[in-house]
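One chain, chain A, links the two complexes that follow: it is found with chain B in the first and with chain C in the second.
Let's look at the complex of A and B:
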């Protein structure tokens, strides 16, 4: 009997769901709480979570955020369409996977190496992972299940993720639009009134005016940027 | 590929952190940046957890500003101080196991040349004296024997700074360190001569006191590696913690070492020399 994959906190370093008998679904099927079910049913449960739990958030990964091919850009468009239909939805991006030390801004981005910071800070109880490379999605989803009570939904372009509460497979732009239609249907059934609108913009700091900065703005450290007077690069050879 | 990696999907510009938007708009991707413009554009590496006054952090900063094509570069590092900053840069980074950086770089460079036959992809290894000349010695040398076309940069702090101050092969003779109380019994390894003998086509040694010179050397090493074979830069990047150098004296120390044993040295094969003469003459001809 495979384990039931439920929102956490499951405790420090939980056993991966794959080790507890959860298997990835065949094409056309999906995972709901670790069980293989019809895609439609999984979509409805995912939609219900995004519509009823607190602070629903979409975490788009690099495969969506960066327009590296036509498919990625189309998928990005579909993600934005989906976000418009979820009441009070937010978009917090995961632009890459590099570690962020000494600290990240949890309202502006999510980092796969410590996703719990962003989720706990923003009190997110339902989220969608889309466009995140599978190895980092696996890492993040397990950490989220370990330390938070967030309901995780993986819209995976490959085979899916055992550690997500709902995992859909082979998800591209077309399937995201199908999920959006299911979500609108569930929203109407639940009697939630919502006019589609774009989520709020990223709250990170305003950009610096690099054009107007000069070396002299760096004060006593400017000597690290420019050679001293009279100092020349000796010619080689 | 290449620059297409650094284009935000339409519609997502206002959802990206400003850091990334700035990186695309004001960063070095796809532009010719002069290192003296440092501070006037969005840099590839900004925040890092290295010690205050670390000269290696400064070298890494100038290194990134010197990359000829950052959008097509992959950096490889290993355990040691440099990787703390390297892994946080907006350039793909691979963490090799201790000692195997040059083996990883060899495979990567070959794979990239098969996957992108019509594209120039630069691979640069930046590791410390321990990673390259002590523990990674065999793999470093063999990558040079095989004439693998990538750049190796040794950021030499003359000590194992991360693990409490053990002596390395690059520590100077007689130096006393926390974990080498009797003083080092042997001479500093002559990495530059080894690189020349092992088949590097471009070899340089420097103390990073002059950003323009660092930039020129890094750029030359990468361009020579692209076309001819392995290249090597030996950079003195002092460890102000293990060698107890006060933060404000770090640059002074580098200048002192530059006069003593780290004077700028550059060597290249004849064909590389011809290549640079050709490459660096062109702008003058255009002006004339």
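Let's look at the complex of A and C:
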């Protein structure tokens, strides 16, 4: 009998759901609390969590934050459309996977090395991971289950995640829009009134002024932009 | 070199026509590499463990691989494999015994770095004293790395396991390295019949974007892990990050099991499932175990065989189920420590039924008669031992 994957806190070092018999679903199916169910049912439960729990938040990862191909750009649009339909939804990005020094700004971003800090600081009780590489999503989902009471939803472009309370697989822009439609339906059934609007701006990120942008504005990444001694850069993107 | 066309992986592994050849285990491994669309092979082949990397060098010269080179030593070879794979290439290497142990620090870091490489391990004695003879104690050193460890019984297994490993290791929910182990000399230098897929067909190339981590870890944020400070260095890090990372590797290891079922017919093979006494063996000890079962049947003794193909992930549930009514479980091995017997004992509730042996090592062969002695003991049959002068 596989374990039931419920919101935490599960404890100091919880056992991964994969060790406890939870298996990833076949195409067309999804995981709900560790059980393989129809996608529609899992979507409805995910929608309920995002509509009824405190401070619903979407965590988009590099695969949707960076416009590295047409699919990523379309998916990013779909994520925004979804966020507009969730009352008081916030978007907090996971732009990369590197540990943050000296400390993370939990209102600006989430990081897989210590995702619990962002969850706890913002009192997030329901969240969606989308566009995060599976390895880092799994790390985050386990740490969140260990130390917080957050209901986690994984919209995975690959095979899904055992440690999320709801895990959908093969999710691209079209499937995100399908989830949005299910969410709107559930919202209406619950009698929640909401006019679609964009989530608030990320409070910690200054607006980028491209006219005055200097190499030094890239902080720790700046060395990647400055040619090394003796290096002659002939081609740029 | 014939023109090779890319075919669907499932077709090549499960449906493509096969041609029978009489070849050595080393040739079987190189033939699998030939059909695997490998980008690069990096070698520091300890000599004279097997010809595998020499043969892979030959097929590189024929144009089957894009690149091939001899590294400065084993640590360099295994580190370079990590770099090549993180950079998006499909990579292969093979080693054995002391060479494996010399490269082990790099190899043990592969799973954590999510390196879906395939490593041939052609076992031989670990020094000292210096020897070049077969002994598979080195497999025990691989069992705690997190990588998938398969153990081939014969030349056919070597071909099938190697070819399938490229596909299994690159599955997004697995994405860890696979060691294909077999006994040096007994399998690598001996010939056997191997049914092989057509030479003009190969696997699809690796898609480095179909991955649970970003495809490069070289210079470009946000993908670096090697060059960043340790994940626990900051006061604001949790030690839990390393713990959940390790958990993820072992979860990935378990996820490989469904692909072992799909492409290798399951992690175990059972002969005579209703037996009273079982021989549980892996690698070429399974071949001797198979022969012992035949001897026993000729004598009217109800003996079965469990051949373990996947050592890690270990098929706990499968072994437990098959052995649930076993009166005695004989585990013949080619090493002194009895790593397979330990795994079997840990997997089953009736562990006192396990007879840890017979074991041979240091290059000794494993006569079927040695296994039969344990079979007679299990059935309470006393046989006189004669001194042959």
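In this section, the second predicted complex is superposed on the first by the 204 of 237 C-alpha atoms of A that agree within 3 Å, B and C clash if a C-alpha of one lies under 4 Å from a C-alpha of the other, contacts with A are read in each partner's own complex, and residues count from 1 in each chain.
One rule holds in what follows: a residue touches a chain if its C-beta (ideal position, glycine included) is under 8 Å from a C-beta of that chain, and two chains touch if they have at least 3 such contacts.
Bear in mind that the values here come from a model prediction, so they are computed numbers and not experimental data.
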Touching partner for A:158 - first (chain B), second (chain C), both, neither: second
First (chain B), second (chain C), both or neither touched by A:201: first
A:93 touches, of chain B and chain C: first, second, both or neither? first
Partner chain(s) touched by A:77 [first = chain B, second = chain C, both, neither]: first
Touched partner set for A:213, first chain B, second chain C, both or neither: first
Per-residue touch tally on chain A - higher for chain B or for chain C: B
Chain B versus chain C as contact partner of A:102, first or second or both or neither: both
Shared chain A surface residues [contacts with chain B and with chain C]: 95-96, 98-102, 224
Contact footprint of chain B on chain A as seen in their complex: 60, 64-69, 72-73, 76-77, 80, 91, 93, 95-96, 98-102, 105, 108-109, 199, 201-202, 204-208, 210-211, 213-215, 217-218, 223-227, 231, 233-234, 236-237
Complex contact set, residues of chain B against chain A: 1, 4-12, 14-22, 25-26, 36, 38-42, 47-49, 58, 84, 87-90, 93, 210-213, 216, 251, 264, 266, 273
In the complex, chain C residues that touch chain A: 114, 172-173, 175, 210-214, 219-225, 228-229, 231, 233-238, 240-241, 243-245, 247-248, 250-251, 254-255, 258
Touching residues on chain A, where the partner in the complex is chain C: 13, 15-16, 18-19, 23-24, 62, 95-104, 112-114, 116-117, 133-136, 138-139, 142-143, 146-147, 158-159, 162, 221, 224
